[in-house]
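Read from first to last, the chains carry the letters A, B and C; within each, the first residue is number 1.
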Amino acid sequence: MALSLGFIVNSLGGELKGSPTQQVQRLAPLQSAGPDDISFLSHARYRSQLETSQAGAVILTPDMQQLAISRPACILTDNPYLYFSRLTRLWREQHPLPARPRVHPSAVVDPQARIAPDAVIGPLCVVEAGAEIGSGTVLHSRVTVGHGCRIGQRCIVHAGVVIGADGFGFAQHEGRWEKIEQLGAVRIGDDVEIGANTCIDRGALEDTVIEDGVKLDNLIQIGHNVHVGAHTAMAGCVGVAGSAKIGAHCTIGGGAVVLGHLSLVDGVHVSAASVVTRSILKPGQYTGMFPLDENSQWEKNAASLKQLSRMRDRVRQLEQQIQTLQKEQP
Amino acid sequence: MALSLGFIVNSLGGELKGSPTQQVQRLAPLQSAGPDDISFLSHARYRSQLETSQAGAVILTPDMQQLAISRPACILTDNPYLYFSRLTRLWREQHPLPARPRVHPSAVVDPQARIAPDAVIGPLCVVEAGAEIGSGTVLHSRVTVGHGCRIGQRCIVHAGVVIGADGFGFAQHEGRWEKIEQLGAVRIGDDVEIGANTCIDRGALEDTVIEDGVKLDNLIQIGHNVHVGAHTAMAGCVGVAGSAKIGAHCTIGGGAVVLGHLSLVDGVHVSAASVVTRSILKPGQYTGMFPLDENSQWEKNAASLKQLSRMRDRVRQLEQQIQTLQKEQP
Amino acid sequence: MALSLGFIVNSLGGELKGSPTQQVQRLAPLQSAGPDDISFLSHARYRSQLETSQAGAVILTPDMQQLAISRPACILTDNPYLYFSRLTRLWREQHPLPARPRVHPSAVVDPQARIAPDAVIGPLCVVEAGAEIGSGTVLHSRVTVGHGCRIGQRCIVHAGVVIGADGFGFAQHEGRWEKIEQLGAVRIGDDVEIGANTCIDRGALEDTVIEDGVKLDNLIQIGHNVHVGAHTAMAGCVGVAGSAKIGAHCTIGGGAVVLGHLSLVDGVHVSAASVVTRSILKPGQYTGMFPLDENSQWEKNAASLKQLSRMRDRVRQLEQQIQTLQKEQP
C-alpha cells in the first residue's frame, strides 16, 4: 500500500530531490515520522522539529532545502501545506475506503426526493419529500435533510447533521408562545462541508442560504434565514442566530456567537468564543473574550470589573482635583 | 395554492381594507414581497421597508394605515406579528406536508412504550420501554426517548433530539470516577417544542422536568434534575447544568450557560452568551459578556483587565494622596 | 422491588444502625425522601436538609451520627457520596432494565467491524469497517463509530454520539478551502463514558486519543488529534480544538473552550465558560468569564471596559502629576 516518491511528484508536481523509487509507507507529522514516512515543513518556525525528525522524506520550500540535505529525499514546492493537503487526497484515492452502496438500504428516502445518480446516501439517513441532493454529494450516516431542502454538488455532510428543522420562531401572546410555521427551506451551494451533529434550520418565509465552498465544523447552530457567504469557515460549536448575514471569506472561531439580524461584511474574522453583538462593516479580526487567569486572580479582577464604571468616575474626579491643585500651586 | 384575503380575514379576524377576492400567492418579508404576496409591519421602526416594499397586501396596526394607503389591500389588527404567526399556521393547514405514517416502520418502538393513538413517531426514532408519548405530539426523524420518559400533548420534537440519556453523575474515588446510576427519568409537559440535536438528561434519583409551553431551540444541553418553568424559552446552544431551577416565563439567550444548583425566579431574562454563576432572585435582564472589539484594541484592554484589581488599589492610593495634598494646601 | 438495609450493608459495607429487615422502596434526595426511602448526607453544609427530611434511613459519616439519632435507621460510612453512588449501582443491578439484544437488528454493523462478544450495539447504530468495540462496552441508540475507530472495554456511549467524523482540516488556496483527507482514526481507552450527541473527530494523520476513565458529558466537541489524559472529566458543551493535549485528572467546566495546539498539564481545572488561550503548565483552577450583572450595570461597565487601557494611561499620568505636586510641596 506504499506510494513511490516518483508517483507522488508525477501526480502532484514539485521538485524531487532523491530517488523516485523510494517508497513511502505513511504520511506522518515530523515528530513521529520514521524512515519510511513522508512529512512536511509548513513554516520555518517548526524547523527544530525537522532537525530531530526521522522522516525519510519531507516536503518543504526551496529556501528551506538546506535543512533537509541529510535526508534520503525531499520534495520542493512553494506551498508545502497545500502540497500536503493534496497528498492526503492522493493517498485516499490510492487507498480507498470500502465501497458503499449509492443509497444505503437502511436510509429512508422519500420517493419525491431528488437524488443525483452519483450522490451517496449513507446508512440511516432521512431525506424528505422535495429535498434535492446534488451530484457527487455524500451524506454520511444518520443525516436528516428536511422537506424541500436543497444541497448542491460535491458536498460532504457528516453524521448526525440536521438540515431543515424548523427555525425557532414564536409570537408571544398572553404569556404563551404561538408557533410561527417555518415555510422556507435550506439552500446549500456546491463544495460545502458540514460537520457532525451540526444543525441548519429552515427559513421562516424564505430560505436559509449557505453559499458555495462554505466549511462548517461540528455542533454548529445556524438559525433560520441566516445567509453565509461563499468560502466562509466556522469552527466547532459556533452559534449564528436568525437572519444574520455573514459575508464571504470570513472565519468564525470555535464557540463564537453571532446575534440575529446582524451583517458582517466579507473578510471578517471573529476570534474563538467572541460574541458579535453589532454589525461589522470593516474587514479585520474582532475579539471579545475574557482573558484566562488563575482563579484567585480572576476573582479579584472580576470583582473590580463590576466597579469599573464607578472607577472611571473616580479617575475623572481625581483629574479635576489635580487640576485644581495645580492651579492653586504658587 | 393561493389564499384569498377574504378567506384569511374570515379565518383569523382583522379588518380588511381592499378586495376579499384578491389572491395571495406567498407570505414574504417586506423587502422581497411582490404584488401577489402578503407581508406585515410588526413595528414602526420598519416603516421605511414598507415604503419601498412591493407587497400587494400588508398586515399592520390601524395607526399605521396611512402607510399602506397606496397598496391594493391591507389588513388592520392590533398585533400584526401575532396575526402573521397565525397566518403561517393557516397557510400550513391549507398547504399540508405529505401525510406520514403514524409510527414510521423504520422507528424502533418498544412494545412497552405507550404512544397516544394520534401521536406521530418519525423515521428512525427510538422509543424505549415505559416511555409515554402524548396525544398530538410529533417526533420528527431520529429522536431518542429513553426508558420511562414521558412527553405530554401537542409537543414537537425535532430531529436528533435525545431525551433521557444518563445525567453526568460520578463520585470520585482514588482519582477515578465511579458512575452514579441515573435512576430518574424526564417529564415533559404539554405544548413543548424541542429543537434539533438538543439533549435532556434523565434525573439521578428524581425526574428532570420541563413544564408546559417551554420552547427549546437546537443544540441545547439540559442536565439532570433541571427544572424549567412553564413558557420559558431558550435559544440555541444554551447549557443548563444539573439541578438548576429556572422559573416560568424566562428567556435564556443563545450560548448562555446556567451553572448547577442555582435558582432563577420567574421572569428572568439572560442575555446571549452570559454565564449565570449565582441564583437570581429578582426578575429582570441580566448580562455578562465581553464586548466585541477590533482585535488590537481588545488585546490592550484585555491586558489591562488582568491588572484591574491592582489599578483599583492605585486609584485608592491616589485618592488618599490627593486628600493629603488638599489638607496641606495653605 | 424494595431492598432491605441488611442486604445493602452486606453488599456495600458500612455500619448499620437499625434493623436489617427494614425495607427501602426508593433512593431519594433528603428534601423529598419519605419514611420508606433511603437518602444520604454528603456534606455537613446540608445538615439542615437532614433535620427536616422524612427519610426513613440515611447514609452519613460517623461524626454526623447524632443528626440521625431520631430516625429508624442510618448507615455509617466515611464517604457517604461514594456509598450512595455504589448504592445506585446495586439498585440498578437489582432492578435491571429490560434485556436488549446484543446487536440490535436495526443497527448497521459492517462485517469487517470487530465487536466483542459481550458488547451491546443499540438500535440504529452505525459501526463501520475496521471499527473495534471492546468487551462490556455499550453503545446506546443511534451512535456512529467510523471506520477504523477503536473503543475499549466497559465504555458507555450515549445516543447520538459521532466518533470518527472527519477532522476540520483544510488548506487555503486562492481563497478556497482544499480538503485535507483525515487519515487517522479515534482511539478510546477503557471505562470511558461519552454523553449524548458528543462528537470526537478522527485525526488528520495520527489518531485522536481518549485515555482510560475519561468522562465526557453531552454535546462536547473534540477536534482532530486531541489527546485527553486518563480520568479527565468534561462537562456539557465544551469545545476542544485540534491537537490540544489535555493532561490526566483534569476537569473542564461546561461551555469552556480549549484552543488548538495547547498543552494542559495534569490536574488543571478550567472553570465553566472559560476560554483557554495558552498552554497551562501548572496545576490549579483557571477562570476567565465575564461576571453576570444586571443589564444596565453591565452596559456601563462594558462601555468602560472598552476604555480600560486608556484609563490605565490616565492613572499613570495622575501618579506622575501627584509626584510632581508632592515634590513641589513646601
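Simple rule for what comes next: contacts are C-beta pairs under 8 Å (C-beta built on N, C-alpha and C of every residue); 3 or more make two chains touch, one makes a residue touch a chain.
These numbers were taken from a predicted model, which means no experiment stands behind them.
Relative orientation of chain B and chain C, expressed as the C-alpha superposition rotation angle, is 120° to the nearest 5. In this structure chain A contacts its sequence twin chain B using mostly different residue numbers, the overlap staying below half. Averaged C-alpha coordinates put the centre of chain A at 25 Å from the centre of chain B. The multi-chain contact residues of chain A, meaning those touching 2 or more other chains, are 106, 124, 142, 160, 197, 219, 237, 255, 289-291, 293, 303, 305, 307-308, 311, 315, 318, 322, 325. Those residues of chain B that touch chain A in the shared complex are 26-29, 32, 79, 81-82, 84-86, 88-89, 91-92, 97-98, 104, 106, 122-124, 140-142, 156, 158-160, 191, 193, 195-197, 213, 215, 217-219, 231, 233, 235-237, 249, 254-255, 272-273, 289-295, 298-299, 302-303, 305-309, 311-312, 315, 318-319, 322, 325-326, 329.
By the touch criterion stated above, chain A contacts chain B in their complex at residues 106, 108, 110, 112, 124, 126, 128-129, 142, 144, 146-147, 160, 162, 165-166, 168-173, 175-183, 197, 199, 201, 204-206, 219, 221, 223, 237, 239, 241, 255, 257, 259, 270-271, 274-278, 284-291, 293, 297, 300-301, 303-305, 307-308, 311, 314-315, 318, 321-322, 325, 328.
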